Structure formats: structure tokens, C-alpha cells
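Accompanying notes for the structure given below.
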Amino acid sequence: MAEMWINMGPQHPMTHGLWNLRVKVDGETIVDAEPEVGYLHRGIEKICEGLTYPQIIPIADRLCYGSSLTWSHLYCLTVEDLMDVEVPERAEYIRVMSIEMQRIASHLMWLAAYAGDLGLSVGFTYTMRDREVFVDLLQALTGSRLTYNYPRIGGVAHDLPPDFERDALRAVEYMERRLKEYEDLFEGSKIFMMRNVGIGILRKEDGMNLGVTGPSLRASGVSYDLRKDMPYSVYPEMDFNVAIHKDGDCYARYRVRMDEMWESCRIIRQALRKMPEGRWRIVAPRTAPAETGLGRVEDPRGEAVMYVVGDGSDKPYRLKIRSPIFVTVSAAPKILVGYKLADVVAIMGGLDMCIGENDR
Amino acid sequence: MSEGDERGRAGVVSIEKAPSRIDEDPGLRVLRAIADSFPEAVSGGTQLKPGVLRVHVERADLYSVCRNLKESLGFEHLTMISAVDYEDRFEIVYHITSYEARLLLELITSTPKDDPSVDSISTIWGGANWQEREAFDLMGVVFRSHPKLERILLPKDVLYHPLRKDFKG
Amino acid sequence: MAERRIPKPLGLVLRPMRRTGKQFVRTLILGKPNTVLYPEQKLDLPQVYRGKHVLDFKKCIGCGNCVTICPNDCMWLEKVEDPELGKIERPGVDLGRCLFCGLCAEICPTVALHMTTEFELANSDRESIKLGPSDIRDDTFGPTFVEERRTRRLPVLDLSRCTGCEKCAGECPEICIAMMPIDRTERKKPEINLAKCNSHGKCAEVCLEKALVMTEVYESYFEMPEPKLILDNCSGCGACARKCPSEAIYMLEMPGTEKTLKNGKKGKPKKRAVFVLEKCVGCGRCYQACRFDAIEMPGVRE
Amino acid sequence: MNLFEFCYGIIHWLVDLVNNLWYRLGDTLPWYFGDFFTAVGDFAASDGHLTFMTILLECIIIILVALINVLNFLWIFRKLSGRILDFYGPYYVGYRIGGWLQNLADGIKLFVKEIIVPKKADRLGYLLAPIIYVGSSLLILSVIPLSENFGLSTNESGEYVTAGALFALAAFSIAPFAILLAGWSSNNKYTLIGGMRSAAQMMSYEIPLILCAASVFLVAGSFNFVDIVDAQHDIWFLIPLFIGFVVFLICLIAEVEIIPFDLPEAEAELVEGWTTEYGGMKFGLFYMTTAIRSYAGGALATAFFLGGWHGPSFIPDEIWFLIKAYIVYTVFMWLTWSVPRVRIDQMLGVGWRRLLPLAVLNLFIAAVLKSGGWI
């Protein structure tokens, strides 16, 4: 068969969201790939220039449907850096706990999508079912199921609801039981290992050069986790490990995310134990000085950065968002070439795409 | 490191004021190294807070400074490229990370309004490729000798650069 | 980090089949599947859930802060006539544009706007999801809602009753009240430093005219803009005082500005606006009402 | 009484009923009309006509039974997958009978949809493909008897097609042609790749499948279903030919195209594979045919390895056969929901490198057993 271009997207079951991966195949083997993005460009950076600082928080939630809390948290961190706001300690702990819950929920959603891509329907429904536990917790905490709008500049919106601690611990225990089940379900199956081990290898040098971050980079053997390396919030107080794997293939990426879920469970326990009493919110200033602020967090998908320029008014002059997936996708051709057509879903699924933050 | 030290801006130290501590702090050491290698191109090196540095660089020397940063100072990861449209200039801000030293360097270069162009650094950091395309797409900054400087988020036939301040709706 | 147990896929596909078999037995024999059969069964939603809005007409003062904070411009103020409350302005919500972010309920200075757990809001046309003030009115919802925001008992000043006797300033144990003269009116008003006040209530006790009354005030998490009067531009028309939803603006006469009429008598003196900023909710409606550029409000969206 | 006798009785009764009228007309009308009616009556009462009509009626009954089975299969498929995947499955349509009517409702819905042919598709091939696919799959069912008495036979003694099993396997392997035709004529890259994959897959899994069947034929000494099942009266072939059974099941999964071997319609990479361009009832036919082929596969496995309709006599033979076929299908479904999809090269590797040697080994075992006289 002659070489031909195949459009995988913008409306295709492989693409989680609106984007287009054009692959050139020779028979079943990929010889070239070219991602095309921008189908979901909403101009959030421009929208934010016309909104006041508190109004942007719900907009920042809309950046990523998988882990919206991380983005509003990042936005609040950035603006607090710009305004020099000191956040109460209880708020910091609540934030850390909630974004770790969000990380678990996001990774479970990734696992669900990944399993669905590989054709493992059971993986899809079981993980989505267990994600529901954490979504319910976050709903009880924040009042919404997907776009939480929970962090505020100078704290968080609500205090913990009654009995939250008990429910959270129960959920964490449940999750740890479930994670073992997933290991049986995924790694226990020969076919899953056949589809993953040795597929889509991203070498360490390539990953570092191409700016890949997050689990995808850690799966290649680079220990770069902002929670450890450049700690923000109360992460220095937490005892956790950075999940690293050295192979750089799809299995390593899967493994890193699974390990991160274990570590997140640990962090949630610690945060609940160490949670101090006190205020969870302070009054934030309305206007920001004419300086720049920078916030960086470890998103479930990688290193998320916001850079905000204030001009003395109550609206940001410029808000730049660094999406981890945007950079990771640009590395996709490097990973894809040489593998089979069916591996595209495993590789791209393993990178955990989120087009909302990618196109902004 | 206590939380107050980490967050507050009280730790802003310029190189000239505290020469005795240069060798203790890795950030200041990096600032000094940059300033030594490119005495004319680099100005205003400050440490905003522990682990975050800021350096202004002339746009003509941007490429060589970046090459030096990657090859001798161990800044292996380009985090972000952001372009800001000020009233009198465009500022292109590069956030560059060093995995080893745990440093973030904010490299700022500015271009005049009528000629928003800088050298592309996508040959140094491959991750700069798409970010430069994005900056070109949304802000209209031209990156010279970029391998494929096309619009990326907007359709190919759009005539404007929406993040510029003179673009209204 | 420590290597975790990685199961060897020895049984080819038996291990996952065992898991699914367990699940099968669990759902088929031992219990029901996890699904919630939606129209018959519904999830229990927490109180903080952000669903449809309800507005307590009696608590609402019509300040429009909710309209200002809304990121999507989906709220508006509408004039309604109520048999009890008279001609008032109350907000409406366009649910077709609403983000359900809850900022409107959060900023409400009198906790009149809430979001309920009602989420079945779909309708067949766009006009019917545009809810006017009467559609979201529910005066009975407020008491059932546990408000998280704290209240403080604060002295609230009614300037029209104040005689400037300075008793309150003398009584305050925290010395947070200072009598400040009001320009060109030959009167004084107590300025209360709310940050220092710890709700003793002594000032209200000694006030003979009941100008200072201790009232429960919800504390706000938002720093609101404060109006500034440019006295030279003020014509004394009183438009701002009529518009002010929290009655924080008083029109005081300025002695010595009377015009001499033709018959030699003196007319009425000119008036000026005086702000009691402790009561201000920062809505900026005075700024919009003023046609003489006498009020500055830094940072209010045009 | 077997099915032929049953149908013959019905037809005979019907012809008698109508012939009353015919002969009376022949008697009363003038000669030139009367002769004609008498001749019609004579023709209707002739042996050839009666046998032909009997076989037609048999076909209709068998297709009806098969379609009801297919509905059952789809219902089991959806209900079982619901239970395994932790949701309810069909629930409201036919609430009292566990949502059984859901498939009927879906069928009606698909049936009233517009027939759309893509503009650049090859019209003839595009429309012919579902017909070939369904037709060939129904052909399989025509020769599989549910018991000694329930099957398509052409004479009163109830003998079935002599080489029925061979015919069934032959009809089973017409499908790749239809799939390739569908994939090619749709003029779409996904369908093309899906069709190619399907052809490669079915051809490579055909060989172990037939080798396993051959071991059964060898041991039973016949191509006839009744003989094969009778040969299992003492011991099911499952026990001596266990390897063959496992290989046969795996090959059946590949032939039926369900996960883990549903590469031709791998939805994550090829949208819907070779059925991408098909909509409405054409898609419905494909969907239904998957169930027909599952049923056929289960029936073949039952007849070849699981002792056919043998079982304790408190349940009728036909029901025993169906129960076994359903259990085979249930195991398919269980496996389907537990594992991901394999890749095409891995799949072909498994087919040629693992299953083919195993099938040959199984044939060897069968030959040894047969020649040793142990079975």
C-alpha cells in the first residue's frame, strides 16, 4: 500500500477534545506525524485582560475540564505573588488537599480514557466510577462537580464541610484498595502489557530538550517535580516521593501516574492530619501594583505556569498561561514515528491530552 | 526555609549590594556568571526571591546568551515564552529552568514597536518551537530563522494579532 | 522511591477476568449496579451546591454588586413594583449565560442572593431560561440556609440624627471613633475605624438620638471601591443619595451659601453630599448617577 | 416428530383446505375453467410442491428461531456488559422482562432511518456488502440443528445435510469477502484499513479454526452434525481435545470480531473500522450479524466440543443446545470486557506462531486417540 495521510481528528474517537493529528502511514507503520491544534481556541488570555481579578477565577477553571481546580489554584497563586498576599495556613492546607484530590480525579480520568482507547471498557467504567468518589468529595467541598471555582485570592471560598475529614479518609482508603484492583486489571493482563511495554519511547534527552514536563518526563527518568524542586504552598511540610520510571515508554508513563495516585493519597492523609484551625480566607486587595507575578504548579499533566503583569488597576494587563500539554504535543511526532497505527492511541492517550488548556 | 522567606519580596538582592554572598547563593552565582560572560548585553540582574532570577538582555545577543545558558550554566528546560505588549515596546520574557540548581531565570528582552523581531531559539531548546509560533500568532512577534513560523492557534488566513493592545474585538 | 509490587502477567488474561467476574457477581447477585437511575433517583447534593439562584426580596437592597462581579454579564437590574416594598430594583439572571460560579451570591452584602441545589433548569427556548427578579424570588429560602460568612455587630451611623455631641467618641474603649468635621457644614460626624472596633456597643448605648445603632453586618471578602467626593463639583442635587442602596449618602446643608433673593430674604442654602463610608457597599451607583463629575470611583467598570 | 414432519403436516393440511375450494370450483365451472382449477389442485397436492413448501416453511421457522436467538444474544450482551461494567443495561423498554424489547426498539429506530449512500462510494458494492454479510451468516444457521429433530432436512427421515459442518465452516468464511467489499467500496481510508485488517485477520484465523474442526471430524468420523454430536454421547470432545477447544474459541472470537480481536472496527483508531460509512439499517444489519455470528460460533463450539444437545432429559434437547451456546457466548463477553484490544501485528503473530502449532498439535492428538481406539 502506498503511503497516505490519515486525519485522526478533529472529530475522531482517539482525540480527547478537538484537535487533529495527521499521521502519514505506510501500511500500518507511521512515517510522519503532524499535530494541528487550535480548534478550541477561546482567547482566554484576551478575555482575562477585560475582567477584574476575582472574575478570572471561574474563567481559569475553564482551562481544563480534567483538572480545573489546579488552574484556578495556579491563578490565585500567581495573583497572590503579584499582590503580595499572605494566605492563611488553613487555606494552604485545604488547597493542597483539594488539588491532590483533583490530581487523583484527573489521573483516574486519564486512566479511564486510556483504557477506553485501548479497548478495555471495564477500565473505563471502573475508573470513572471511582473518580466519582473524589468528585463527590470535591462537590461537598466546593459546590460544583467539574468547574469548582474554589480557590480565592487570599484563601479558599469555603471552609471544610462537617464530616469532611471522615469522608475524605474513607475515600482515600477506598482508593488505595481500588488501586490494587487496577494493577490487576491493567498490568495483570498480558494484552495490556503487550500494548504498552516498549511502545512510544521518549528518550531522556529528547524529553528535556522538547520541554516535556510532568509524568511524561518523569517516566523518562528525569526527576523534575515542582512540588519537590521548587515547592509552593505547604508542600515542603509534606512527606512524599516523586514517582520516577526510567524506561520512557507507555508503560512507564502509566506506572508513574499510578504511583502518583498512591503518593497523592499519602499527601491527602497528611494534609488532613496537619490541618490547623483558623481562618480560611482573608480579604484580598482589589487592585494590583504595576509589577509582574509568576506562579508555577505541578499540574497533573506537567508544569503549569502563569505570568501576570499588573498595571495598577483592578484588571490584569497581560496574563500568559503556559499549558504543559501544548509543549508536550509538540513533541508528539518525535515519539510517534516508527510505531504502528494502533500505537497512536496508546501513545497519545498516554500523554494525557487536555485540549481546553492546550488551545486556551 | 520558612514560608515567609519564600513568598515575600524582602529577599530582593541586587548583585552590587551584596558581593560577599555571591558564592553562597547559587542564584547569585548564576547572575554573576551571566554578567561576566556578557558584560554589555546583560543588565539588571536581580534575584526576585530565592530561586527566581531576573535578567534583562539585549535582543541582538539573545541567541548567544541562551546558548551559553544551556551549554555552560545547565539551564536545560525552557519553561515558557511570553510576549507582552507595553505602550512603548514589546517585551519577550523567557522563563528558563535548571533542573539541577533548581533555578528559574526570567530572561527579558524588549523590541521596539515597529520591529518586533528576535532570534529564534528553537534550535537551542526544541520546546521553544511551538511557543514561538504561539507568540507569533497571538502577538505578532517575528522569530528570525524559525523553522516553520506559521499561525498555530488561529486559522491561517487571520490578518490580526489578537493579544496586541490595539486590537479591539 | 521503593519499587511497588508489579504483578507479573502470568495468567495471560485470567487476573483481569477474575476481577470482572467478581464485579459481575457483585452486581448481579449481591446488589445493584452503581448507576443512579436519574429521573427516579437523585443524588443528595450538598448545601454549597451552586444551582438555580434565589433572591430574598426583603433582604436585597438592590445594590447591583452581583451584576458588577458577574464574569459573563448574565445578570441585570430590573425595576419591579412590589405591593409591600414599593418601587424597587432587583437583579435577574440569564441562566443561558450563567457560569454558576457563585460569585454573585458570595459578594452579596446582605446575603440576599443564594444558590440552591436545584439543577433541572433546562427548557425548550431561550427566553424561558432568562429569569427575571420575580422568577428567582423566594423570601423563605434564606433562613434555611446556613451562611458561612461571619457577622459582626457594628455601630451604624444615621447621620440625619447625629448631633455631633462626641459622647460616642468618649465612650469607645478602643478609641476607634474620631469626630471629624465635615467641610463647609460646620458639623462633625463620628468616623468609626471598623478594623479596630470590637463590638462593645458602648457608643450606641450613650447615643441619645439613636444615631448609632448596633446592627449585625455580614463581613465581606471583597475589597470594594470607595467613592470620593470632589466638593467643588457637587451641585447638591441629591441624585446620588437617592440612588444609594445602602443609604450611606446624606445631603447636608452648607451654611453661608444661601443666595440672596430679590426681596432681600435669604434662600435655602446649597447642599452637599456626605458619605458614611462604613455603610458603603461599593456598588458605584452614586458614581453612575452623578452628572457633574463630582464623584470619583477608581476602578468601576464602565 | 421432527421438524420436517411437523411442517409437512401443516402444509398438507393447508393444501387440503385450499384444494377443497379448488376441486369444487373445478367441478362446478364449465370444462375449460374447471380443468384449469383441477390442474392447479393436482399440482398443489403433488409431492414436489408439498416438499418444496415444507422446506420453505422450515426455513422460515429456522430463521425466526435464529432471529429470536439473536435478540436474546443482543439482550444478554447488553445486560451482561451492563452488569460487568457496573451499570444497568437496557431497563425501561420492556421493563417487566428486563429490558428485552430494547433491541427491538433499536431495530425499529434503525429501520426507519434514511438510506444514505456516500457520494463517491461504489454504489453496487456498498449496498451489496451488508446483504452478502447477513446472507452468508444466515446460511451458517441453516445447517446447524438444535437437536436431532429440529433442523433443516429434506425428507421425512430427518436426515440433515451430509456435510453440514463443512458447509457451516464454508459459509463462515464468506464474511471476509463482504467486509473487504464494504471497506473498499465505502471509499474511505478508515474503512479501507479496517477491511484490509479484517481480511488479514479472518484468513489467518481461519486455518487454526478449521484444523480444530478437522480434529473433531477426524474423531467423530463424519461431517454430519448429528453424527458428531452422537459421537459425544459418552464423553464430550472438550475433554480429550481441550487444546483444540481453547484454540477454537480464540479463533471464533477473532472470526466474530469482538474485543480483544476487534481490530477491523477498532473504534479508537479507525472510528468504526469498515462500518464507518454505514448508517441506518445497513449498520443495523452489521450489528445484528455480529450477534448472528456469535450465535453461530457458540452453536458450532457447542456441537463440536460441548456435546451438542446431550444433557439430562428433564430439559428438552433444543433448550440444552441453546443453553450451552449461551454459556459459550457469555464466556466470550466476559473475556471481551476484561481485556484491551491487541495490535494487528501482535494478533497475526499470535495466530500464526501460537495458535497454528497448537491446532496442529491438537490434530495430532486427535489422530493418536482415534487410531488408538480410545475414543
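A, B, C and D label the chains in the order they appear, each numbered from 1.
FYI, contacts are C-beta pairs under 8 Å (C-beta built on N, C-alpha and C of every residue); 3 or more make two chains touch, one makes a residue touch a chain.
Note that the structure is predicted; figures quoted are calculated from it, not measured.
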| item | value |
| --- | --- |
| Chain separated most widely from subunit C, comparing mean CA positions | D |
| Between A-C and C-D, the pair joined by more C-beta contacts | A-C |
| Mean-CA-position distance for subunit D and subunit C (Å) | 70 |
| Centroid spacing, where centroids are CA-atom means, of subunit B and subunit D in whole angstrom | 68 |
| Centre distance in Å when subunit A and subunit C are each reduced to the mean of their C-alpha atoms | 34 |
| Averaged-CA centre spacing for the pair subunit B and subunit A, given as whole angstrom | 25 |
| Multi-partner residues of subunit D (each touching 2 or more other chains) | 84, 86-87, 337-339 |
| Touching two or more other chains - residue numbers and ranges from subunit A | 122, 126, 129, 185, 189, 191-192 |
| Residues of subunit C engaged with two or more neighbouring chains | 13, 16, 19-20, 23, 34 |
| Chain-chain contacts as defined at top | A-B, A-C, A-D, C-D |
| Residues of subunit A that touch subunit C when the two form their complex | 51-52, 54-59, 61, 122, 126, 129, 139-144, 147, 149, 152, 154-155, 157-159, 161, 181, 183-193, 241-244, 255, 259, 262, 281-287, 313-314 |
| In the complex, subunit A residues that touch subunit D | 1, 4, 6, 8, 12-14, 28, 115-126, 129, 185, 189, 191-192, 194-195, 340-345, 349 |
| Touch list for subunit D against partner subunit C, complex | 80, 82-84, 86-88, 91, 334-335, 337-339 |
| Residues on subunit A engaged by subunit B in the complex (per definition of touch) | 37-38, 41, 43, 45-46, 81, 84, 86, 206, 208-213, 222-224, 229-231, 234, 236, 294, 296, 303, 305, 307, 309, 317-318, 320, 322, 326-327, 329-331, 359-360 |
| Contact set on subunit C toward subunit A in their complex | 1-2, 4-7, 9, 11-13, 15-16, 18-20, 23, 34, 45-50, 69-71, 99-103, 106, 115, 148, 220-225, 298-299, 301 |
